[in-house]
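Next up: the structures, one after another.
Both of the next two complexes hold chain A, though its partner changes from chain B to chain C.
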Partner chain A sequence: MKAGLGLVLVAMAFFLLCCLHLSAGARFSAPSLVFDALFDHDPRNYQHVVVIKQRLTRLVVAGYAGAVLAVSGLLLQKILRNDLVSPSTLGINSGAVAFVVFGIYLFGLTGAALFWPALLGGFAAVAVAFLAAGLVSKGGRDPLSLILGGAMTATLFSSATTFAISLDPDLFGNLMGWLVGDIGNFDYQPLAWLWPIGLAGIGFAFFLCRQIDLLTLGTEQAATLGADPRLVRAGTLALAIPLAISAVCVVGPIGFVGLVAPHITRLLIGETGRPALAFCTLCGAVIVIAADIAARTLLAPQLLQVGTVMALCGGIAFLVIVVATLRRRAA
Partner chain B sequence: MKAGKNQGEPVLTLEDITFSYGGSAVLDTISLAFNPGEFTAVVGPNGCGKSTLLKVMAGLLVPARGLALLEGQPIPALSRKKLAQRMAMLAQSNEAPAGMIVSDLVGMGRFAHESWLSRGTRDDQAHIDAAMRTMAVTDLADRRVGELSGGQLQRCRMAMTLAQDANILLLDEPTNHLDLKHQYALLETARMQAAAGRAVIAVLHDLTHASLYADRIILMDGGKVVADGSPADVLTPENITAVYGITTVAKAFGRAIVHLPESAAE
Partner chain C sequence: MRRHFTIRLGSAVHFPIDLRPALVLAVLSILLCIGMLYALQLGSTALSMNDVIRWLLPWQDADAETSAIMLLRWPRVTVAILAGAMIATSGYLLQVVSRNGLADPGLLGISQGGMAAVVIGAALFGLSPAWLAFASLAGGFATALFVMALAWRLSSATGLILVGLAVGIALSAAIEIIMVRGGILQFARWLAWSHGSLTSVSVGNAGMVALWAAVLLPLSLIASGQMMPLLLGHEQAAGIGASPRRLSLLLTMMAAALVAPIVAAVGPISFLGLIAGHIARTLVGERPGAVMPVAMLCGALILLIADTVGRTLFLPVIVPAGILVSIAGVLAFLIAARLSRSSR
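Entry: the complex of A and B
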């Protein structure tokens, strides 16, 4: 598929899903009502309030989380030259959650201040994952060993999280949704001060895109083509981790979108260049918006957690991708 | 011999280069100079240091002692981009993401000439098109890397290296993955690049190839230069015995020098 056509299609999917997201719910709202709620808002009309306060805010949160996680995953996959890495499979999500939980328990942190332990946790998780991968790989560069390291890291930090919660379950009572990965009706509040991170991160990703592409040809080839591999790799990690963390702080550890969106992008329009990056951004948003629609309608009026929906669908996709990687290697 | 020998100053100079990965010296006090218009083949047994030599020239490895100079400037002091404008290298590892489109891959060669504001200019496109014609990969422009054979990918990567339009070309085993026809085509391209005034330095395994296409052969062993000169001077049975440890009979076919093992040469 040509990149231009792909971009048009994913933009259309994005728009349609946005409309569907605003209409769908426990009670279906006709498109005309959604239109009125947006452009001729009546604060006394309960239906209008639902569309804006419950759906539009969730839509923005879902779109943001999907977009930044997808870009983070694509950046990680490109600089590590490993199709299996993503914020969740490297353990970044789990590391962030563990540090946040400890930040709450030990220092009583709240709100915006929680971004810092989360960021620290993200970097710590990457370090631990690389260390563990180095121990299991015996020197070889096997894509699976990094994933194994990531899985070990995720387990480690999840256990730490469980431990901290068991120390004082009451303290974390209203955090349960976030711990699974969920979009709540008030999630737009942290997003109100976190969005600049996403915007700047994606902006820099576009800026650096060409150099990151060079790195996919291997460190030595990239260097002789004129890029500085160490600088580009460090810079890209310094983008990818805060991007993922900014989503985790809002919606919790929603997994697999950072893994699946880059794969869909690669499959449809390739992974090189800024159009692919733009495609991946929208694709991530589409995935999480779709998951949120599913979460709100599948068992309506009961709400599912987006994290649960993503874990179910994404887990299967992850399995398929791992099996495909193994097959390709065996061939 | 070919035209272009000894024209002007050397573009690339190595002075007393010593390099080691930690143990014994992989390169041991090597001094060499490379001229524009000359196709040099670096040959020698596995582990003799020829690939390491190429990496030192490319600035990928910084020697422990000695100077590597590009037109008089120390190579490690140049930025990667400045270096890439004057020196291109075809690395040995044949890797590129399966999803990358061939025209994008070849276009990577233009990075060193791009700025944030100007890329994909008509000049860039002209170099990309010319490089793809030279390597006969124009038909593959819209294909994905994953669909290519090893040989096709190698030719596309060579096109990328040519698109870089650098005055020094470093080729690390460029005939890898190629079938007979394309091996000769690639070596012919390398010779044409030298004829156009570039300094071409290639690590080659095949001595016959080296004798047939190169103006100059550097024979290495154990991190030292054993012989350096024209193919006829370097590829003597004595040198081959000294370096490879086998006794050979040399036969000449025009320019080509073929070394046959003594036991099989009857």
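Entry: the complex of A and C
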């Protein structure tokens, strides 16, 4: 598929899903009502308030989280040249959650201050995952062992999280949705000061796109073509981790967008170039918005957690990708 | 030093016994007995060792207070020992079948399959606790078959683990959807169970686990004598007349059956099978007949220590044993791998 056509298609899908997201819910709102709520807002009309305060805010949060996680996943997959890595399979999500939970328990941190423990947790998780992978593969560079290292990291940190929660369950009563990954009605508040991180991160990703593409050719090739592999790799890691963390701080550990969106991108228009990056950004947003619609309507009026819906679909997608990768290697 | 010791009965019957495994087994058994005494003695109410020993000896009458406390402690200690042994056995069986030292019922998705069946059975159909073990068995079997079928034709040894990991992730998400409906207290309890906790073990649980253990542990010991050919790989095993496919299917089913009652009673305990298998192989080498009993004792000892430490060291906080095993186990595994690499 041509990159331009792909971009147009995914943009259309994005737009359609946005409209669907605003009108779908426990009670369906007609498109005309949504239109009125957006452009001719009446603060005393309850349905207008629902559309703006409960659906538009969720839409923005879902779109942001999806876009940021997808870009983070694409960057990680490109620089590590391993199409099984993503923020969740490397354990970044679990690491961030563990550090946040301990930050709350030990120091009583709230709000904006939680970004820093989360960031620290993300970097710690990546370090542990690399260490574990190196030990599991005994110095070899098997891409599968990085995933195994990530899984061990995730188990380690989620055990720590469970331990902290079992110390004082009541303290974390309000956080249950966040712990499994969910979009709540007040999630736009942390987003209000976190969005610059996401914007700057995606901007840098576009800026560095050429260098990162060179790295996908392999370290030697990239060095011959004038990129400094170490610098680019470190810079991209320093970009991808805060991007993922900024999403985790808002919605909690929503996994697998970062794994699936780059795969869709690669399947449809290839992974190199800025159009692919733009495609991946929109694709991630589309996936999380779709998951949010599913979470709100499947068992309406009960809400499901977006994180669990994503984990279920994403786990199955991960299985398919793993089996496909292994078949290709075996063949 | 002689490596073998032979017991001779008359002139025709000889039992050659490997000295090293026998020695390791003896030391581990003694450690386990000491650990059991301390596990019974320690707790929020300290007892004197004299009382514990008097309670244990059938011809002595223990006082009523000790008996009351023991009624709470002995099921827990029993389950810790049996569960540790069964999980370690299951892990070792899977390691032999997949010819991969990293196999573990928690990593291959078998525990999660059992958990999913338990959660669905208990939450949606209101199964009574007695049937939960069978639900868990069915779930574990189904998952094991599914994972094996998917990974059957993949040559990579890590492949089986990754497929199991992915299946486990999808199953945990399904469990989570059911479990987040009850508020944070239930969620916290579920989190503890999903890592494995012996807090709510009752006399009934202990009986159930003991029944399964009495059948399955001797069976696995018998099977360990037949497992040697599998270590050679499928072609070679078939070449010397073993039937590797049937045998490995049978052993996988046995591994699933071994974790089923544990998942129902205490939840999965990830990494225990992996760690116990590693320690056992470091201690006595590769022969399944020797590794299997050592792995059992190691698993029992590790879980007993983890549970006892978890409920006594951080009082009044009680740390679920599964969490201690995962954290300490992963860290220990990393350090051990690091040391063994630098020593080479």
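Just so we're on the same page, the second predicted complex is superposed on the first by the 331 of 331 C-alpha atoms of A that agree within 3 Å, B and C clash if a C-alpha of one lies under 4 Å from a C-alpha of the other, contacts with A are read in each partner's own complex, and residues count from 1 in each chain.
In this text, a residue touches a chain if its C-beta (ideal position, glycine included) is under 8 Å from a C-beta of that chain, and two chains touch if they have at least 3 such contacts.
Predicted, not measured: the structure shown is a model, and the values here were computed from it.
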Which of chain B and chain C A:Ala151 touches, first, second, both or neither: second
Greater chain A contact set [chain C / chain B]: C
Touching partner for A:Asp228 - first (chain B), second (chain C), both, neither: first
Partner chain(s) touched by A:Gly108 [first = chain B, second = chain C, both, neither]: neither
Which of chain B and chain C A:Leu217 touches, first, second, both or neither: first
Which of chain B and chain C A:Leu135 touches, first, second, both or neither: second
Touched partner set for A:Pro43, first chain B, second chain C, both or neither: neither
Contacts of A:Ala311 with chain B and chain C, given as first, second, both or neither: second
Partner chain in contact with A:Pro196 - chain B first, chain C second, else both or neither: neither
Shared chain A surface residues [contacts with chain B and with chain C]: none
Interface residues, chain A side, partner chain C - complex: 84, 131-132, 135-136, 138-139, 142, 144-145, 147-148, 151-152, 155-156, 158-163, 165-167, 169-170, 172-173, 175-176, 179-180, 304-305, 308-309, 311-312, 314-316, 318-319, 322-323, 326-327, 329-330
Residue numbers on chain C that touch chain A, as the complex places them: 102, 107, 150-151, 153-156, 158-159, 161-163, 165-167, 169-174, 176-177, 180, 183-185, 187-188, 191-192, 194-195, 270-271, 317, 319-320, 322-323, 326-327, 330-331, 333-334, 337-338, 341
Complex contact set, residues of chain B against chain A: 55, 58-60, 79-81, 83-85, 87-89, 91, 93, 95-97, 99-101, 104-105, 108-109, 111-112, 114, 116, 119, 144, 157, 160, 164, 170
Residues of chain A that touch chain B when the two form their complex: 78, 81, 207, 210-211, 213-214, 216-218, 220-221, 223-228, 266-267, 270-273
